[in-house]
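Presented below is the structure to which this report refers.
Letters A, B, C and D mark the chains in the order given here, with residues in each chain numbered from 1 onward.
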Amino acid sequence: MSVSPPRLQAVAVTKSYGATTALENVSLDLAAGEVHAVLGENGAGKSTLVKILSGVIAPNSGQMRLDGAVYAPHSILHARQAGVATAFQELSLAPNLTVAEALLLPAMKRGAFGLVSPYQTARAAAEILHRYRLDDVSPIAGIASLSLAHRQRLEIARAMHYAEKVLILDEPTAALTDVEWLFDLVRSTTAAGTAVLYISHRLAEVRTLCKQATVLRNGRSVASVGLSDASDADIFELMVGRTEMAHGRRTHSFARETRSALELNNVTGAKLKGVTLDVKEGEIVGIAALEGQGQRELFRTLVGLDKATSGQILVGGKPVQPKSPRHAIAAGLSFLPEERKVEGIFSTLSTAANIVLPVIQNISRTGFVWPALERHSAARASEGVELNPRYLDFRIADLSGGNQQKALLARAMFTGARTLLLYDPTRGVDVGTKQAIYAAIQAFADRGGSVLLYSSELTELTRLADRCLVLYGARIFEQFTGEAIEERALVAALTGHSRDPAKSKREAAA
Amino acid sequence: MSILATKAAATSHRLAPSMPARAKALLASGTGIIIVLYIILYGLYSIWDPTALTADTVLNLTNNAVPLAIAAAGQTLIVLSRGFDLSVAGVISLTNVIMAAYPLDGPLGAVESLAICLAIGGVVGLVNGFLVAVLRLQSIAATLATMIICQGLSLVILDAPGGTVADFISYDLTDVLFGVIPISGLFVAAVVVLWMICRRTAFGTGLYVVGADETAAHLSGINVKRVRILSFVIGGMLYGLAGFMLSAQTATGNPNAGASFLMLTFAAVALGGTSLSGGRGSVIASIIGAATLMLLQKVLFAGGVSSFYTGIFQGVVLVLAVVFGNVVTHFVERRGAT
Amino acid sequence: MTEAHPPGATVAPAPRAQRQTERVADNRRTARLRPETITAVCVFGISILLVLGSRFVSPALGSWDHVNTIILLASFLIVVAFGQGIVIMIGGLDLSVPALITLGGVLTTSWIDASSGMSLPLIPAILLICACIGGISGLGVTLLRIPPFIMTMATGIITASAALGLTSGTPRGAAPPILTALMKASWIGIPVILLFILAFAILGSVLQGRTSYGRRLTAIGANPVAAHVAGIAVRSSVLIAYMLSAAASGFAGMMLAGYANGATLRMGDDYLLPSIAAVVIGGSSILGGSGSFVATIGGAILLTALSTVISALGIPQGWRTVIEGSIILIALLLLRENTFAFLRRRLAR
Amino acid sequence: MPNWKRKLSLCAAALCTAAVSLSLTAPSASAQDKKFKIYLSMSYSGNSWQSEAANIVKALAATPPYDKTVELTQVISGTDPQAQIAAYESMIAAKADGIISFPISSTALNRVIHKGCEKGVKFFMYDATVTEPCAYNVSYITAGFGENSAQALVNALGGKGKIFLSRGVPGNSVDKRHTDGAMSVFKKYPGIQVVDEYYSFWDDRTTQQETAKALAAHPDVDGIWAQAGEYGAIQALMDKGSKLVPMTGENSNGFRLALANPDFQKRGLKGVSAGSPPASAGYAFKLMMEALTGKRDLKPGNIEYPLPWVPADQVKLCKGQTFEDGCNAFPEGVVPSSFVTEVFSPTLLPELSIQSALEGKPTPGATIQPLPADVPKAADEPGINCQKCEPPADQYKLTKVQPTVNP
């Protein structure tokens, strides 16, 4: 115990919504210059804690202190004025703003007559961007024109800019491909005495940055652990209340001689520069790429959301030209989209309805939907992804992100497609859900289905993929098979460094 | 392994859009398109009607368009924040009958009347804002109710058209200044200037953000409730001003005066390219949209379109304007992308 | 309490935040009590209270006869609101409703001779014409990407103008007997229109809630992007929605022609705002993706009942209008989701 | 947007533009010789009354010799006074000689009318009126529809009973004038109880619905005083059951036939058909043309069109195409029930036939006949046909009917 009060202290904070208690008696101490992790599954109460600390919602009881003084923020702005700023997981940047506006809102720079000056605002924003090493972002660019990764960086940069005392980072790496940027900045922030609360599902990151972690489970603080003393398994057990399932490389002995389920021959267009690949039946093919290397376009082209200008796509040996996701599904390609909220869920429908929707005609009789049949079908589909059937009657909006993702995976599989196109299926989901999703993907492949899987987490690819392709510059740059799929090699390839030095040089020249 | 960040040296960016970029943005926005459309229609008008370019015609056009333009400007604020405001019809009727039932003459009287109109609009807007922002009613439903109530109150105050608006208001405010400048046009100019100022305040930016993404706005530290309430209050005050200008033009009261403004304001807003799902658009475009609607009547008259089928042309022009806008935006954006 | 809460939770505190989330699995019964159901029950409840309470206004009100009058007068609005509700469900708005009501009525009286037996094949033909005009709106919305508000406003103006030109201002003829019978006849003492509306309500709710098409509409309204990605034929579904709405409006025009035994060119004018109001009072979001037809019917009946009761108040029109607006406002406040959340909490205990 | 779609939309755009420009250039090409430029400005054309009034003006303008000397253009402005103001402005700018118009507002148009008068345009208003003194108002409004029909109803009811008032458009000056006139009579009879008063927008269907609502609250009503839309009130009564009550209404053919129907009479229907005649439009047009051609020297002012007055026992079916031998209604099937019969006048408008009223076509062989020299002046009614004036002391004097019962 130090003599000076902790930077941020929360004592017995409780928050309940009606009959539901989201957070119960959670206490937390954050010392100046410390990076403190908060771990827990989805639904453990992490987001509620973040919202309370950042002033979005007020707790029902409990007390918070900032440098010893009572801290009871009634709005984000209030918290910001007190020196507490947050980078939200959901990203709080409105698409119709410019970068400068997004960074400085709601207090933009003023010029003559006290009016907002776009020029002064842009100049101030440029300074912030420079300070946080985001010089490749133009302050007058529109948010909508930025990639997800850039938006996440902006979100983080903005929080850092305002966080004089406490910085809260909620899943800051969900869309980031370049975590070192973040780590460097976090380190320099803490060096200046700011305390950082770091919420992440990625244990490896947490270990790199933090020494101490608070583990939440079901809204309660179950432990405060020193990370150097606890093994991954220990932490996992604390988080989910059971021991982790077997962890390791995919063991399925994959038969090489099976037929191709999906073949691409020199597919060009929509940014793609001639992509050739194939996925065999029963095979999981991983795609590794840094942000913006054409992986989005690859997946979108396959389901008809983008159009290829030349090249050939074969599904099960037959040439197809996907015109829309509907055609793709009919051809046997099923897609799990990138942005769950934007492209995935129908928030006002029940989970069951969400799962069966694309093929609702198959489970309806003469156009009518029978709720019992629908629920039964959805229950069957959700078994495969370990989604608790009691959620089927809930509106999907009421489910946690992890369960929503399970439902979407169930939907993708329920179409009866032989080939799954999974775009970052575990983004922002907790460890437990991840395990379930991995198991579902492997089981699908074991049943003879084929999977094209893009993931922003390399460990996921090393673990799941039978074969891993690296996209670089919107074409297939390298291919790794079996044991050769290994993180260090992938990382090198991601940045255009081939195992074949001649090839790297060509790329560098190009 | 920080690839992207280290790669980029401290490149200096433009801090303001270049002139071509601005021009392109203007063209792709509704404002540019509606201006082009207005000019085209005016061109047709001047071909068919030689008096189209006289000061008298311009004065007539301005006086006709001003009430709708100001009302559409108010509606735009609410539409930008992703709402609908039906109370526009009620507020215009209410202010119109009050102007006719309690005329206050002279310049001072005009100022007092104006203040009363603005106050009525502001109060109705405040009620709307409270219902929508605080009590979370859907804007279309809440403002439907306030519209009906205001219509009722108008009928209570004046149960048949009549009354006389003060002479100063009805004559001097519809006249021209220095022989060329329509005075009513100055009111619109004032609204435009206020809007340009407003656009550069926290409220102005907040309006767009709230309309585009309420959640993001909240998490960015914007007081969403305040922005919403303020948009309804300012919108209401503009309806009050529209009622004031309408009274000046018609010189009399009519408890149903506002009814025809309901659909027309939305048509003007949409014609100006403002997205009815919020977050995109401009008050200025709506004002020109309103002027276009009024001009269209004159153009069709000058062109001698058979009266039964006037509606067909109005409908077609409405659709064409939007399609034209879509096509232009598409080309500009595609050009921008490559 | 979880990531399931969108960050807007405090902005829209009540509905989402208070919903059950995964940690609380206590009570499936309450989770299943969908907000639509509660709205429907509440709207009908308020209507019934209003009708019962109207006895204080006039002793003849609140009777079975009064109820029959309400149903008869609400029947037009119910049919129109069905179509409007479908379009609102997909996040649109149909402003061509008045013009199509007029077109349906005008075509019926001018084409179907009161005495000829051609009415049976001609009625579907007229509905088809209306549906095609709706299809034009739908094509404009889907292919040309014109905002529904503008597109339907434009088709409405064009249709009205065409109807005006075709009739040169004077619609002729009378309604065919079959429509007159629909509106005025009784069957074993029960008015036919009551049975018709009952059947229409069942069919409409089944279409919206229990068919794969209805499910697709909800999905499109909830999230059009996701609907496309999930492989739903968004365009054709939207197209059909506008066609259905136009056909419903056209049919309401036929009913009006049968009721008044003739058509006028402004017979549809009074149904635009009420049709939207009925849908919104019935709890549908104007942004699409939620709502139920039963609740919309409740909204239509509430509006009609209100107007019959207010009509009986012996006060000047101005004050009547003020009272009407105020009661609509009170109903909206009572039907707020916050109120439901409160009820739900009570039920959960 | 994929390529073909863009092409499609461009094609559509091009087509529509072509269509607009084609149809717009056609009429302006016709060259002018010395013709009178007359504009017909109406509110909306959507009910029988409005279109009949417009049709007879069109028919008269096509009847020799006016077919050679008059160029008539019709403009429909809907219910929006702003639109009519804009239309007037355009007409004045187009150098109109005369404007014949159904004014949407009695006051809002004054300024533009005043401007037009200064430029020498003659404004003739039919049926509805304006308070601008430089315009001619040709209307029956001052002829006492409200008080006379109210007295007839009181007579039919024997001085006591519960009645409905089926009014016109809320906040409309004509409706107010009629109702004020009627109330001046009803107030004299304590036995008359107005139990419900509703607005039917001068429309059959709305009247039917509003009457149905009122009947729900007051099934025991004894009589109905109705403005236009009266046929809807009869239908609402019949929807309820067999009982009919005495009622007064305006001039629809359906109402006149019902009044004359012996079965309905047995069921309790009696009353009088009076009210707004579309014929005033024809009268106004002929007056305007006589003034323009110099055949008549007419100062601006208020001109009264006689109030049609047809009690039940005077309904007489016409055998031909127009009012002959004192007939005043047409058999079922010849015209729609909503047809407003008072389009004809043997003395004022002998040129017209059913064809003229329904389709705007001139009667074959007819030529324009001169009007009687005497033009009846109308009384001042503040807010209706004059602005700052006093109503005559005997404003609500009964002219068509005398009280048969004492209060």
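Criterion: a residue touches a chain if its C-beta (ideal position, glycine included) is under 8 Å from a C-beta of that chain, and two chains touch if they have at least 3 such contacts.
As the structure is a prediction and not an experimental result, all values here were calculated from the model.
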{"item": "Contact-graph distance - origin subunit A, target subunit D", "value": "2"}
{"item": "Which of C-D and B-D has more C-beta contact pairs", "value": "B-D"}
{"item": "Chain of greatest Cα-centre distance to subunit B", "value": "A"}
{"item": "Whole-Å separation of chain centres (CA-atom averages), subunit C against subunit D", "value": "35"}
{"item": "Cα-centroid distance, subunit A relative to subunit C, in whole angstrom", "value": "41"}
{"item": "Distance from the mean Cα position of subunit C to that of subunit B, given in whole angstrom", "value": "30"}
{"item": "Per-residue multi-chain contacts in subunit C, two or more chains", "value": "6-7, 10, 144-145, 164, 168-169, 285, 317-318, 321"}
{"item": "Interface hub residues of subunit D, defined as touching at least two other chains", "value": "1, 9, 12, 45, 76, 170"}
{"item": "Multi-chain contact residues (two or more partners), subunit B", "value": "154-155, 159, 215, 218-219, 255, 308, 310, 316, 319, 323, 326"}
{"item": "In contact (per the touch rule at the top): chain pairs", "value": "A-B, A-C, B-C, B-D, C-D"}
{"item": "Contact footprint of subunit D on subunit B as seen in their complex", "value": "44, 48-49, 51, 56-57, 60, 64, 67-68, 154-155, 158-162, 164, 170, 174, 246, 249-257, 259-260, 264, 294, 297-298, 300-305, 307-308, 310, 313, 316-317, 319-320, 323-324, 326-327, 330"}
{"item": "Residue ranges of subunit B touching subunit A (in the complex, touch as defined)", "value": "1-17, 197, 200-202, 204-206, 208-209, 211-213, 215-223, 279-280"}
{"item": "Residue numbers on subunit B that touch subunit C, as the complex places them", "value": "84, 86, 131, 135-142, 144-157, 159, 214-215, 218-219, 224, 255, 263, 266-267, 270-271, 275-277, 306, 308-312, 314-316, 318-319, 322-323, 326"}
{"item": "Residues of subunit A touching subunit C in the complex", "value": "15, 17-23, 42-48, 51, 56-57, 88-90, 92, 218-219, 303, 305, 324-326, 328-330, 335, 337, 341-349, 353, 357-358, 360-361, 364, 367-371, 388, 390-391, 393-395, 397-404, 411, 415, 428"}
{"item": "Interfacial residue positions of subunit A with respect to subunit B in the complex", "value": "56, 75-77, 80, 88, 90-97, 101-102, 105-108, 113, 115-119, 122-123, 126, 130, 133-136, 138-140, 178-181, 184, 290-291, 491, 495"}
